[in-house]
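These are the structures in question, set out in turn.
One chain, chain A, links the two complexes that follow: it is found with chain B in the first and with chain C in the second.
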Partner chain A sequence: MNDTKSFVNHIRPRFVSEGALRVFYTVCLGGLSFLAFIVLGVTGILLMFHYQPGDNAFSSVLTISSVIPYGGVIRNLHYWAGQIMVVTVNLHMLRVVWTHSYKPPKQLNWLVGVALLIFVLYLDFSGYLLIGSQESGAAATVAVNILGLVPVIGTWLAQILFGEPSALSGSTLVVYVWHCVALPMVAFLLQLYHFWRVRRDGGVRPL
Partner chain B sequence: MSKQSEWTRRAVLRLAWVGVIASAALTIEPLFKYLTSKEDRQRSPLVVYKKPLSENSGWQNTAAARVWVKRDSSGVMALVATCTHLGCEVNYHADREEWLCPCHASIYDEEGKTISGPASKALPRVAVQPQADGSLIINTSKIVGLDTRV
Partner chain C sequence: MARLPIKHLVEKEGIASIFFLAFCLALALKFQASVGTSNQASPVSHAVAPWIFGPFQILLLYLPPRVGALLIPILIIAGFSGLPWLVDVLGVKWGQRIFITLFCFVCALLLWFIVKELWWQ
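So, the complex of A and B:
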């Protein structure tokens, strides 16, 4: 109990400058993104109990959203949290530019944020592929063809990121593993580093 | 002024925690139902029919709701009562010797051929395998022709 208390106290800033309490400085956009990320993690784990990657993806999505009790609520929470996160993450980026927060000493954290933005965008896109509808099949085909234009490593990169999606369903085991395990883990660790850096670089603001 | 001090910030936040825990408790039952749902389990295509099947007894329902069996003079057949229009379960009316679809009023005759309605194809027949003990195993994943008997 005592350890928990000291951990909580450690997370809190030692002091907060009055200006930092102004909501309209950060508009809480980073915090909202993190909240959406937590919601996505919880609902995503729940969806994995009934989702089947591969050829059965679309029918399992239909089953989740219309047959499994509360499956529709969980899927919609996951879907909308994902949509909102893409919006808040981009607005967060704009805010950082607006307040010149990318300038030294925060230049490293800006780069971490850019990496996180790329992860979030790939997570959003791979989630769209995992629906397994014909639209996601078309999207996967387009993505694979665009990556194929990259010289030398193009086809290899497409294989690693998307596997071999069919034109009728973008859901492959490769996309599934990236979307559900690998990228969320990396993104979460990077986020913790991002938050720690905020404090370290002297931007003592509530998350 | 004394009334104000009863609701300190600490007390309000504590009450908020109670609210958080209470709303978390409300999710236990939905979560349990979601996680234990077996609606998407893999169903075996094989259906067993153990009762004796006499000739001209008409269509008999098996343990699987949509699978029906019948014996006529040339043998045993099995039918899946799924409408070939949009997949509703069709009902057998023994008095009219017809299959009726409740969704869009397709009508099939005794043999499952279409009489009227949006459905154009006959109700699917599936393979039957008689066992040594007289029971039948119906393989719903194997479609056979209308005239097939065993």
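So, the complex of A and C:
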């Protein structure tokens, strides 16, 4: 109970330094990335009601886009929030470098941030594969072939990350589970740790 | 530095969130997300990667796969991850120069991809 209270107090303390309120210091980029993540979560759950992974993926995407009421808008929102998140995460990283916010004691949080960037890129890529189009099939084939170049663990890694995609569709159950369950959960927990660590390491403050 | 109640931060986050959500919604209403080509259609001769993975496509186009798809991306990720320690060893100026060089390299590849695949076509 005390741990939970301590965690919440770190993420949402009663008082913050004046520097944390300067909009042009952080440009809200970290917070906006998290907001994009929340939008992606909500729209993603709505899309899951009608999406079918595997051979029917492409037709279910077409159904969502053109038949389901507001399905097109929800899918567009999911797509654009994903694109914007990649942009804001990269700009956030540039801001952190610009303000030297990776310096001790923030090295660990910097590493967490880089891990989150990689997660975001894989989430984006797996989302692209789930469309189940010819292009996503080609992308999955390229990704599997690239991982196959990794010595010893390459084929195993490709199986774990992509399953067995066909050249005609990148949508597999494995990719679906990574995209909708495993990665968002890990990314969400890492983000909470990232925010907690920001406060723990002294908060957002101009140098 | 002075400390202020968190409500001031919450207010600013709220305003930023409203603008952000309005922007996302405007994009969603105005621009359709692509669905690509059906796998029932005749095969496409040239698949273009999504813009986020454009730098990868350019590297794969001109370099051997082991270099373009494995070595260079791993070096870039290692360079990003190691920034705090690069700064420790080489100093802030050189550490940040290495980071900015890597970042600009990725941006240049992205620009190359946009010009080659999206704009020139």
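The rule we apply is simple: the second predicted complex is superposed on the first by the 191 of 207 C-alpha atoms of A that agree within 3 Å, B and C clash if a C-alpha of one lies under 4 Å from a C-alpha of the other, contacts with A are read in each partner's own complex, and residues count from 1 in each chain.
As a working rule, a residue touches a chain if its C-beta (ideal position, glycine included) is under 8 Å from a C-beta of that chain, and two chains touch if they have at least 3 such contacts.
The structure presented is a predicted model; accordingly, all values stated were derived computationally and were not measured.
**Student:** Clash or fit: how do chain B and chain C relate after the overlay on chain A?
**Tutor:** Once chain A is superposed (C-alpha atoms), there is room for both chain B and chain C without a clash.
**Student:** Touching A:Trp156 in the superposition: chain B (first), chain C (second), both, neither?
**Tutor:** In the superposition, A:Trp156 touches no partner, neither chain B nor chain C.
**Student:** Determine, under the contact definition given at the top, whether A:Leu46 touches first (chain B), second (chain C), both, or neither.
**Tutor:** The answer is first: A:Leu46 touches chain B but not chain C.
**Student:** Which partner does A:Trp196 contact after superposing on A: first (chain B), second (chain C), both, neither?
**Tutor:** neither
**Student:** Compare chain B and chain C by how many residues of chain A each one touches, and report the one with more.
**Tutor:** C
**Student:** Using the superposition on chain A described above, determine whether A:Val67 touches chain B (first), chain C (second), both, or neither.
**Tutor:** First partner only, chain B.
**Student:** Quick one: minimum Cα-Cα distance, chain B versus chain C, in the superposed arrangement, integer Å.
**Tutor:** So the smallest C-alpha gap separating chain B from chain C comes to 8 Å.
**Student:** Check chain A for residues that touch chain B in one structure and chain C in the other, and list them.
**Tutor:** In chain A, positions 73 sit in both the chain B and chain C interfaces.
**Student:** State the interface residues of chain B toward chain A in the complex, per the touch definition above.
**Tutor:** These residues of chain B touch chain A: 30-31, 33-35, 37, 39-40.
**Student:** List the residues on chain A that touch chain B in their complex, please.
**Tutor:** 46, 49-50, 60, 63-64, 67-71, 73-74
**Student:** Quick check: in the complex, which residue numbers of chain A touch chain C?
**Tutor:** 12-21, 23, 28, 31-32, 35-36, 39, 58, 61-62, 65, 72-73, 75-81, 83-84, 86, 93-94, 97, 100, 102-104, 106-107, 110-111, 114, 117-118, 121, 124-125, 128, 131-139, 142, 145-146, 149-150, 168-169, 205
**Student:** Considering only the defined contacts, which chain C positions touch chain A in the complex?
**Tutor:** Residues in contact with chain A: 1-6, 8-9, 12-13, 16-17, 20-21, 23-25, 27-29, 31-33, 35-39, 41, 43-44, 47-50, 52-53, 60, 65-66, 69-70, 77, 80-81, 83-85, 87, 92, 96, 99-100, 103.
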